[in-house]
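The two complexes that follow have chain A in common; it is paired with chain B in the first and with chain C in the second.
After this line comes the complex of A and B, so read on.
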């Protein structure tokens, strides 16, 4: 057994050397060709060199053009649209001719009790989702890492990863059936345990937990895959050495596996903190989850900022007010990510930027 | 990538047994909702009322699928889904690959600025209403293309493509250019035929997005072009609409909705095992390098 480990290490080192030397060959080749490719390095600053660059590489620019155009229109266009949060926007007059009202819409949003309910719900739901989802994925990855039966590992990994692949609408249709008043869970509660049926979808306090656990169900396998991928980069020699030193499996996990996935943990945590205020409007995220699951009877516990924005903006066409709420949300999210990033860096972990 | 050879299959300890048990429960929790939906779609309602508890299927019928597939509106919705997935995925892959390739060329001037343009939207967005107003302003509202054009490229996929081409053996490209091939010619004859792994990753990421996308189509697209997830959500929340689809025939809500959901899940279940590898690779590329 030990020699296979040594062989693996030697092979890896060899590969590394080959890759490195291959790279050095490539770079030296590039160095050789580069002087002839860029004779005009000194002229790069004036305009005529731009024209030459365009002449030479216009085809590359043409390749990038469709992507850049779509990005500018649909990625940056909405950012300029944010200005309607500061005017009394009416579609008939357009942004330019609408009256400037400053922070009026923000004041109105902040004085709306529904807004603060939504803020509270967002933080509660996202906070609980992070609190439960983040460690569950790590535990799942650690457990899967202990499994030595290949087909079993593959089977569990495939099944837990599958929900990531399916949209919230379909997930919602499945859970409505399972948790509904005549669904399988209530059938068991009533007919097997002789309990009262539970209103999973209409009782606000319970619905909140449904939303939290459902989120863990959807994302756990996805994040576990990221951790597992980080674990494959661990040098097996470390485990060998630990075993020779008499370390138990638990000690190996605690002192080798967990430290080596710390960078991945910190990256994922920063991203999750950014989502604490859920900015994902429409493109997945908790908005779609709640939007496809909730109903009027659970608004008090489940109405989050993005569903509130949706009802104001697209439901009641109060564009300026809804945009102001959305802008507030984005600013907070960005602040949260920046804070988390700084904290992680101070703790000696890798940050995102 | 091979498993670490540190542990043999040694004796079955209690801890090991517990780990397998926990993972078996996790497996069942993860998969059961899919299983439940699939068997609800083929289980006769008469069987359903016969017994008080249904954890496992009993009986078999394709009546509900027949009911769903004989409804013109639902069939149209599935056709819309298939059409948008096909058109949207192909066009988006081409745009993403071309942009990713161009931005991976190290000597291209303005490359840094263009890269930065792609980084910003990963962190800042205009939000719901400004996005809606932008789509309306460019005249895409209520059009089929509202599901295709705005999502032709996104930063995440672009960075996957870019890092793929940055790792590409550059000597090959240089040699083709030195031999007098044009940039287009190089891309078409050398890059494109060797981009299969990238193609598979992007096809899976973009294809599943198009197949699943639900919220914006429900807002932006006229009802004749609405894809299946939008209709599924409507019949889930609107019983009048659901019973209206029966055209006089009796509808069993649970079974009918399960059949509609199953038709959307089955294609995913079929392609998923084959492409899981690529999906994981793509996610790693995007998350580690992007």
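After this line comes the complex of A and C, so read on.
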């Protein structure tokens, strides 16, 4: 069967890669962990070994230094500010002299009924966005990969990639004009089809789906490009062999293309899982998306943690409450990423760390 | 006898001392530097350093004023200024939804209280507190920290007022509605005649801003606290509110509300009414009445705005909620680098009759002149920062956001400038309608520590629950949602905040 032949080729390629990497690519990787010419872990603690290492590779360390400094100053330095979550922060008194309140702000946040609504909405919206958006991008990439008319492929790719460059504020205005009560869609529904207008932006149940599909529309093209990039690295010999053995396009996709982009899929999935709890603008811009679109009519279905925090925390200058909620989000997000990473590794895929 | 050298030494010492003393005296006579932050974009003032009105204020108060226009979230910027020690001497208006924050600034010692030299420099601010006892609610530990950014000096209805079109009433042969039944009938008639898409209000932030007449018809104000059960209770928990919400729901259920209202803010709702898309709006009053009419005339000279007195629902009560005639407060910086006494002098002048007139009509002989006892505007006025656009208060940017929204008498002067008797009579009638039936409220300005924390949550609970109630499918569902709201409000911190506020208000209104 062609399938077993392809499998054999894949296995053979894998072996070749392992052998090659043993000599070249992975050698550098091994050098980082157990280099033959590098002192053993115990020796590294010896100051003289460190000095030797620095003397030998000082150019590399010098090049890494600015990056490390930036990370320390802008990545780790501000983490001192997390202590705001444990004090009754007053700008006049500063962090150090504000009253220590322990976990009071966490208690206040957790006892607020709207907080748990926001947590539920966050998980629901981000979950649906992942559930729909993740496979959509793969499907789009697979379809684009099969297109043989170059101009058409380029046109579709550009058209689907374009929304990625448009800010949420602009997208929000566009959708208001399209889906608003007097927007284009409702005008068509009422005037052309003599139907009742649909409250896309003020009906909680519909609004949630607008948010989910809008997110898919914006990100689909971007992720599809990443998958397409991964597909370009697939050895054409695999397809040739499959074709010789009579494999259909679908079979080639299923047994060659998809397995080959699995590492990319798992990496993206881990990142998306980290965004499940919505970490502000880093969470795929969900805060901007919802904040610019929602209104009080749809809070029950669309108020997410970051919009809740913005309104009731930052909007009221309650920095301690906002920081406490932010810290809670970060801890949960880290847990989710760690779990996803572990699961991926267990499934034999590449992890992030 | 002193030697020549000793004499020379004494002479030099005396000369130096005289120079130092003269220098000090000169420095004392120089103007005090005052930094003002303003959120007013003031596009009309090209260069504040050359602004003639600002120069007049500086001359009158012996100050050298630097105006800094700030944009973005004001409270965040002020907090950053507090943290970095760059707080301005005069902080512009901060809204009532931030009273918890301003209170915190005061108790943290970064605001200057109007006491001692500061109070002596600002007798006009102290007088405002004496003129309106409600302002005592703003005091913290008996001290004045806040200058109400006012348009009037008492209590009067201003929000949730019902506007209709008099020309349409005349067209349908109707008289201005007095009851909700008549009002709903007017809305139905508008719809049936294709003149309208339903009543509009700013629904994107919730329905509570439009409830004034609806809950007033059942004896409850639409904000603040009410006397009940030997204490004070929050307005939204009163049984009358439930009735008012059902009446509002009835209006929606009968299809009398514009379908896009839940996406509208104040500006969009106002535009819908002014442009004739809607035959009624639930909106603000005051100077807006005249400005709405002026804008309507630009769309269609036949359009005529009419403000209804608070409507009757047959429950033996009616009234719009009566509130202090100001929105937000201005404050003086009280940090080490600030000069609150000089800042108080500036505020005091701007609040004074002379200051108000200066910022309303400018300098006599330059921006206006008096003919036959009447003030006449000169062309220079428009060139020196006074706006000419319709819909504006007509005053110089220094008048607004700092100490007032332009006193109503000057807004009226601006709105009635060049108008005939009919317009003036109509304008007076609208003002009379606005205050014909009033519903008093208490504690709008009071803040206890727990209420300060809970108020934003309360606002959210009210906004979400009330919007869901008026949009609910059935009356039973609406009633169940209201009962659930009361439970949630009390359980999530409201009970504690209410008890604290009740005690506080009992002290103020003993």
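Keep this in mind: the second predicted complex is superposed on the first by the 272 of 353 C-alpha atoms of A that agree within 3 Å, B and C clash if a C-alpha of one lies under 4 Å from a C-alpha of the other, contacts with A are read in each partner's own complex, and residues count from 1 in each chain.
In this text, a residue touches a chain if its C-beta (ideal position, glycine included) is under 8 Å from a C-beta of that chain, and two chains touch if they have at least 3 such contacts.
Because the structure is a prediction, the values reported are computed rather than measured.
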{"item": "Touched partner set for A:314, first chain B, second chain C, both or neither", "value": "both"}
{"item": "Chain B versus chain C as contact partner of A:270, first or second or both or neither", "value": "neither"}
{"item": "Contacts of A:191 with chain B and chain C, given as first, second, both or neither", "value": "first"}
{"item": "Which of chain B and chain C A:344 touches, first, second, both or neither", "value": "neither"}
{"item": "Touched partner set for A:176, first chain B, second chain C, both or neither", "value": "both"}
{"item": "Touched partner set for A:304, first chain B, second chain C, both or neither", "value": "neither"}
{"item": "Contacts of A:74 with chain B and chain C, given as first, second, both or neither", "value": "first"}
{"item": "Partner with the higher number of touched chain A residues, chain C or chain B", "value": "B"}
{"item": "Touched partner set for A:296, first chain B, second chain C, both or neither", "value": "second"}
{"item": "Touching partner for A:82 - first (chain B), second (chain C), both, neither", "value": "first"}
{"item": "Set of chain A residues, in rising order, touched by both chain B and chain C", "value": "91, 176, 180, 182, 295, 314, 319"}
{"item": "Chain A partner contacts - residues on chain B that touch it in the complex", "value": "1-9, 15-16, 19-20, 22-24, 26-27, 29-31, 33-34, 36-37, 40, 52-55, 95-96, 98-99, 101-103, 105, 107-109, 114, 117-118, 120-121, 123-135, 137-138, 149-153, 155, 158, 169-171, 174, 178, 182-184, 187, 208, 211-216, 219, 229, 232-233, 236-237, 254, 257-258, 260-261, 264-265, 268, 272-273, 276, 279-280, 283-284, 287"}
{"item": "Interfacial residue positions of chain A with respect to chain C in the complex", "value": "90-94, 108, 111-114, 176, 180-182, 197, 199, 201-202, 295-297, 299-300, 311-312, 314-317, 319"}
{"item": "Residues of chain A defined as touching chain B within the complex", "value": "1, 4-5, 8, 26, 29-30, 33, 37-38, 44, 50, 53, 57, 59-61, 63-64, 66-68, 70-82, 84, 91, 140, 143-144, 146-148, 150, 152, 155-156, 158-163, 165-178, 180, 182, 184, 187-188, 190-192, 217, 220-222, 225-226, 229, 232, 234, 236, 239-240, 243, 249, 252, 267, 279, 281-283, 287-288, 291-292, 295, 306, 309-310, 313-314, 319, 322-323, 326-327, 329-330, 334, 337"}
{"item": "Complex contact set, residues of chain C against chain A", "value": "75-76, 79-80, 82-83, 97-98, 100-101, 104-105, 108-110, 203-206, 259-260, 262-263, 453, 456-457, 460-461, 463-464, 467-468, 471, 488, 491-493"}
